[in-house]
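The next part holds the structures, each set out as structure tokens.
In the two assemblies presented below, subunit A is common to both, partnered first by subunit B and then by subunit C.
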Partner chain A sequence: MKQKLLQPRTLLKLALWVVGLIVLLLLPGQLNNYQLTIVDSAIIYFIASLSYTVMLGMGGMMSMATVTFMGLGAFFTAQLAKNWGLPTPLAGLLAVLATAAIAYILSIMLVRLEGYYFVFGTIGLCNMMSTVFQNFKPLSNGADGINGIPKLNLFGFTFRNLSDWCLLLVVLAVILAIGVSRVRKSALGRSLMSIRDNPVTAQTLGVNVLRTKRIAFTIGAFLSATAGMLVAFHNGVVSASLFTFNVQQSLLMMVMLGGVNSTFGALGGAFLVQLMPEVLRPIQQYLRLVQGILLILLMIFMPMGIAGLLQSAWKKISKSIQKRKGGLNVGMQQNLENPGG
Partner chain B sequence: MECNKTSKILAAEELTIAFGGLVATDHVSFEVAPGEILGLIGPNGAGKSTLLNLVSGIYQCDSGKVFLNGTDVTRLPAHTRARMGLGRTFQTPRFLQRSSIRDNLLLGTDLANQIGFFQSFWDKKGFDFEEEVQELMGYAGFSINWHSDINALPFGQRKRLEIVRSLLSHPKVLLVDEPAAGLNTKELEYVANLLQYATQKGIGVVLIEHQMDLVMNICHRIIVLNFGKLIAEGTPKEVSSNAAVIEAYLGRKKHAHN
Partner chain C sequence: MGMFLSLTGSGLAMGMIYAMLSVGLLLLIRAVGVTNYAQGDLLALGAYTAFFLMDRLDLSGLPMILLMILLFACFGAIFMFTCYYPLRKTKWKQSIMVCTIGAGMVIQEICMIVCGSMVKPMDPIIPGTLTIGTFVLQYQYIVVFLLSILVMVGVYLLFDKVYAGRAMQAAAQNSYAANLIGIPAILTTLGTYIIVMMISGFAGYLVAPIFLVRTTLNTLQSKAFASMVLGGFGSVPGAVLGGLLIGLIEAYSTYFTTVYKDVFVFGVLLLTLLIRPQGIFGEIQLKEKA
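Take a look at the complex of A and B:
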């Protein structure tokens, strides 16, 4: 176990990580503004979809109201930064925390609903709040939305152009995704997965089902609100149309395309869903049709999404490496087979 | 203190629950001492699993009381009882099907460590549990390949792995529901090993089992349920010669003779 870092599997994984990160960091310089818009919004939606990774992927809770918290995060940010005149980072932080607090209060009721009931409960919340966003002027300025949101200013640096934003988003997304994968490996993640797979067993293993679900719901809302806050600063405008049930559907599609069980899978899904309208521009009117067919085929042939596909490929590669290099891993297994020694 | 048979680690008093008109458990009382294996037997549908569910808090009883280590836990939820040291396994092993074997076993260790979510996010306490796992696997009679899929394990190994997971949570009492069902003779021995290891650790064990050889060999005392009622209690020897027990298992003697 001490030699874990020297294992070829781990080295290969590390190398892939480094290459991936370098590509992401060099990317902004190579793209034009049109491409950057797509990349930026894909990354923002990826951050939003991390909320599904925690709630649905780990906890089996299919919330249909994640855009609601995205909306709250966005409108709070807009209000605090524009109308209250708070410094932008502070406004963003407060908006996200306030949304998480609201989510916690709502979760007390919502997580008592199980399975399908939770889905329908959150659909109710989503539709209700999208009406509020459209009509409640003090929060969202009604159907016009809020424009002229101040530019984000971090430590004296103002994020004006899209490539700066792209860098910021990449860094944020990586930090949040690492955080989420840490959750998966922590007691919280295991508790959530035990609830997903068998709530009764979870209880007999000391898992407080309701409390754990409340925490997951709050973390989910935190991530959604972070994405909402980024939308507000990135676009400089927010309007209710960004947080409707339709958008929720697209978000869910990104997650399913990417793979529910994978933290980074949704990134692929987010890019696909963002790119699709661009690629299919010539046959724009059939966009939903194509998306629907694609989703059905996907659920049939690769239910674990892009990430599932990559994972099985990865397993094959690492197995063949193991076979070739052998030594270390075989030694480990032999140790385990002789519990006495 | 651990082997003091007079101090009861688990006590059930007059436990009763009815589902509709059916009284599934009818004023059943029993006690378990640390390091003792209490057998719980009875025909199918006698209410054995229901009794375990009442004790572990999956069902709330209509009347009666449950004491764990002297504390009244009757109105406490299942997860609190688990955190107080009440472990249990199920007839069909229940694991996280989509997680690794490591994560499945870590759930047991998490319960033993009782660390908060935020703490476990930052530090790695509880991850060095492999020594303990290896010791337990010695009793369980097979070794773990950490890379294999938990669903790919043979049934007999999964049943023993579930007991191992419970033992990793360092319970004070372990409720075991039919650990031997579907296992071969060799595997039965390993189950007996694991349960005897538990008693050495001072854990009080309640064992539901139909495999009479196992029950008669390892139980210190046995209680017998029939139609939700406790009909006999005593040492294996006393119980196996008890007329009411024989009748419950074999049908009425008089009828047989006629």
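Take a look at the complex of A and C:
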């Protein structure tokens, strides 16, 4: 009975992925430049929100320092590519790895903190680095930012226009999303989720809590740094204003909107938040007001985001299908499958 | 020497503002278990309310203070009913926190819509500067310091001596037991929210002449977080002490550098978390109750 339920669900998921991929691959040809910019930014923010999926959805660690690592990735990339003259793929890779290394070192200190303290620690980190980005000339050229970053030149193919970028971003996003879902299904992912749900029990079962959290933090930073690197190459210009605490809050909003524990949800959330300024253009001055109200309503009615809403809707549908097929045995089966109700 | 004293003076005054913010934060965490990310926006709301009353409605003196207190009470109630009441039984702990982020955005926008989005100045309560030799300090800083001490003493008296205050503490510590005794948890939560709003709003009113009335007052909130951690998570005197320390650290660091003072402050925060996460007066760790 259970397998019968799983089959159509996985088939549906697979079908959705394939359709989505086809749409995204055909899209660059159809859209104009302006729409492509939105799609590209949405995908880049999606990659950054994947870091939330790993850290918050699986690990239960709410980190407010995602934009900090994005900024580090972006600024390192810019410096390495522009001022040190490294070939661009190498610059990007080194920048991401360097940021991940810094994140690992920071995580040694940060993951010892529980709950609230961790959040405050990352808030402190975010604010501190925000000031550093604004003022520390050797890294970020102060408030002016760095411009004239060379275009990404991968195996001789230079990504100049937006539709090339869109293809590359889609491919990268898919690869990273598959990576995240592999992690989720691996032993690391399961240990992480057990830490999220009950750290004490996890420890008694032999999970090395601190080490797993450190790895999760580093993976999250790796994803944010990748997003930052893409920002640097895509826009050609990076400045400190892209990486402030306010941007962090809107990133959080994207993640919460789409659903924290779902990759699809993060994608939907990123697209929605990027599209909102366009859709709401007639009432543009009330944009942030609408976003705020939406966020409040969202948290009251759909705390797991849109993905959570769809998941619970799917569960209800499948339950009612099962009821119709089951008959007398349904009650007992339902009790066996969902002991908690 | 004079400069040291004037830095101390302004540091203490700002420290009291941070202390008020972090006490408000702490009260909310103790009472309802939710980190309120809109604390800075409540401060801004207080500043805008004062501006609105003084500028648009041309009130001043006692009627303004009374009306301001009344408005703060209303705002506190509205805040609770949107951000806490529908969510109090949720299983997903972070949703209340994110809800407060949304509320913060809404508050910012409404302030800008009602009062216009330009930065506005506000007259200090006592204009002018006190100058003794090299010691230079605006009177407003002294006013801020004295008035906030009064407010803090008032809050302390409320929670320790008056029955209503102790009832609120009881409901905060164990709402089930409090309900059994007959203390209505909803009313005490409402009371806590109103008091927090009044503290933050009043702090906003005090700080507006110094920092000008604008929505970015909410950056003071991060420093309030830092003071709460520094002083000890969970104790009111700790929050006050932490606030004063952060204010002083910030003021002294301006002697060395103007732009990196945030780095100093948050560096201290990170150091505290590294060495002694409970802070100075730290008590046992509080879990989120939501």
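List of remarks:
The working rule: the second predicted complex is superposed on the first by the 299 of 341 C-alpha atoms of A that agree within 3 Å, B and C clash if a C-alpha of one lies under 4 Å from a C-alpha of the other, contacts with A are read in each partner's own complex, and residues count from 1 in each chain.
Here, contacts are C-beta pairs under 8 Å (C-beta built on N, C-alpha and C of every residue); 3 or more make two chains touch, one makes a residue touch a chain.
These numbers come from a predicted model, not from an experiment.
By the touch criterion defined above, A:Trp314 lies against neither subunit B nor subunit C after alignment on the C-alpha atoms of chain A. Look at A:Tyr104: by the touch rule set out above, it reaches neither subunit B nor subunit C. Set against each other, subunit B and subunit C touch different numbers of residues in subunit A, with C touching more. Legend: residue contacts after superposition of the two complexes on their common chain; A:Ile123 is shown touching subunit C, with no touch to subunit B. When the two complexes are overlaid on their common chain A, residue A:Arg190 makes contact with subunit B while staying clear of subunit C. Annotation: subunit A has no residue touching subunit B in one complex and subunit C in the other. Every residue of subunit B that touches subunit A in the complex is listed here, in rising order: 56-58, 77-80, 82-83, 86-88, 90, 94-99, 103, 106-108, 110-111, 114-117, 120-121, 126, 130, 134-135, 137-138, 143-146, 165, 169. Residues 29, 35, 37, 82-83, 86-87, 90, 92, 94-99, 101-110, 113, 219, 222, 225-226, 228-229, 233, 259-260, 262-263, 266-267, 269-270, 273-274, 277, 285-288 of subunit C touch subunit A in their complex. Residue ranges of subunit A in contact with subunit C, taken from their complex: 56, 62, 109-110, 112-117, 119-121, 123-125, 127-128, 130-132, 134-135, 245, 249, 252-253, 256, 260, 285-286, 288-289, 291-296, 298-300, 303-304.
Contacts from subunit A toward subunit B in the complex involve residues 1, 182-183, 186-188, 190-191, 193-194, 196-198, 200-209, 215, 261, 333, 336-340.
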